[in-house]
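What follows is a structure written as structure tokens; I'll ask about it next.
Chain nomenclature is as follows: A, B, C and D, assigned in order of appearance, with residue numbering initiated at 1 for each chain independently.
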């Protein structure tokens, strides 16, 4: 059976959990629309986030890869359209590196677009009452970095793998008691959204 | 059995639903910690919102009243501490009245505090992973008006009824597809929060 | 000549300056529409903020008092309508006190309204291109505390002094380089707004 | 003398003015650090915004082009780093076109980076107390379109012209009286920021 790789991130920025880790673990081992969901949790560390994803790709040979990450402060699931060749960290990564104004890949192109059907995924989420939108900026932290790095790896090696990045909000556990208040989404809704994304990718591949 | 009255509002401001109406309907007829939940849906119309609540109080003789309303844009359930003697509507009510800089009750005091245990309700919600906070402004629309009006009615008539106001966010249905994005909370989480509020009031009364 | 007392606050919350201190110092000694502007800088410390303002009132016998304070995060000048009998500090004051859920004045009324012409001040600011609005919450920190405390002092002693509170945004110096970004307003615009407020109070007194 | 081309946009989205038009007109004809400032006002219309800028480039043969645009809701001047090959309009342009999910240039690369010294411009603005930051998203409206289109024109024709895009906030006139409140910046501060940008470009060219 064809596989789809979903990755989450370890917690960072002082958070106790990372909802992306929790969400992909809920989906691990499931079969959705004929795709087997394989998963991994990658570190919030420059370069290693890319290397770990590449290892998982080499291990599983998936037809599609979706990296999932926490976007604290966002109100909706955002399906990212574009990865840019910039590392500009507002806070250090989990090993203390704080890149400023640096490229992800020296001499790489300015950006890659996601190759998963971004707009259709969002349409399907909204239709199923999961707040969601197309996002045109994945930031300049490890989320954008892994998105750009994986895009570059797939493109440079001429692989037939679809890839993209999905940002998810804080979950209730991270919002309850937070000062100032934080927008949040229940883990159930997030997992439902990711299932819709996988289903949409499966349908896109079949066509 | 002692009764607690919960009211929701009709939809307003171009929305198709009002989550406060949906939430209180889910709780109608339930018994929570020894309190029977009676409910009503009140109009988003100046004065009538108060009159309708007073009618429901006279009909049910509850030991406590909580008016519930939609606070679009808020990220958490907010348990209101204070009702002020001001009507200053940003948009017209459902009958086209747009009050500006007007008192709710001519010659009334500047404000009333809620008499339900506001801080304890918030603590209990947060402990149960429902994002929530104490709010010190219920706005100057019908929500604040009914809160002030009911407080005034209870105080003027020397009734032994606890009262308060709880603001709830948009639900997923109102956020999915919205431009610009809206913070939201699932109806399940909202209903859970209101159950905790009722349970906290019940415990407070028993003490 | 009749006097109007303007107070600013000392810096707090890690800021190097408090724009309210800078703004009132620019106005000190000026005569605006027949009112002599006398000023003082008060501490961001519970009770002392009230005591210091009362001392200044006793020293100057002004016809009106406007306490001015920084409201970091607000985009406009906000002229406060209502002071509530609550101290609920999100951060400690400058002497380390962090009050939670406490009254400003034991057994005081829930709230006082400003007695300066709030709505007219806002109208005049907007007409003169100073972004401004009526605010119905002065928060629950020292700003609200001094506003409530001074209102209580004036009311309890039956004094013929108008009083109110004006919140001002961060100035450019506090926003340049801030991460995440902060809304700001130039000190010039803030001072212009306060002059309009004084002028409006002067006209109100003459009528 | 070498020229630098600054363009502003016509008003759009129901606004009476566009601060970018007002700001570039204040700078028209000035000489800053040895660069003569030439200016133009371009339409908020797909394709025409690019065509008009290209005409101005052909007319003036500048050494650098900075398109300036209004970013309502932003709190700071943002110097844009990246233009993406996407048109996805939230509102129609001034001739009623509302592109969705369309490329600016068919088969163009995903993105271009600005070639003006973005990071240095921001550093210099912040040092001179002008709130400013590097932005990694210029949106998907005419601002991004002209930025991408001009980048593509320069790149495709192998021209030695630096280019970039600067987003500016609403001015006081657009914020005074607005409901809900809007962040704003005085036109003086915006013009000062643009002068710093030109000066930084001039110094960069000399090196």
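Going forward, a residue touches a chain if its C-beta (ideal position, glycine included) is under 8 Å from a C-beta of that chain, and two chains touch if they have at least 3 such contacts.
Each chain and its UniProt protein: A, B, C, D = Pyrrolidone-carboxylate peptidase.
The structure presented is a predicted model; accordingly, all values stated were derived computationally and were not measured.
When you average the Cα atoms of each chain and compare centres, the chain farthest from chain D turns out to be B.
With C-D and B-C as the two chain pairs, more C-beta contacts join C-D. Chain C has its Cα centroid 31 Å from the Cα centroid of chain B. Chain C and chain D have CA centres that are 38 Å apart. Among all residues of chain D, those that touch two or more other chains are 179.
Those residues of chain D that touch chain C in the shared complex are 74-76, 125-126, 129-133, 172-173, 175-179, 181-186, 188-189. In the complex of the two chains, the chain A residues touching chain D come out as 81-82, 84-86, 88, 101, 109-113, 119, 134, 136-137, 139-140.
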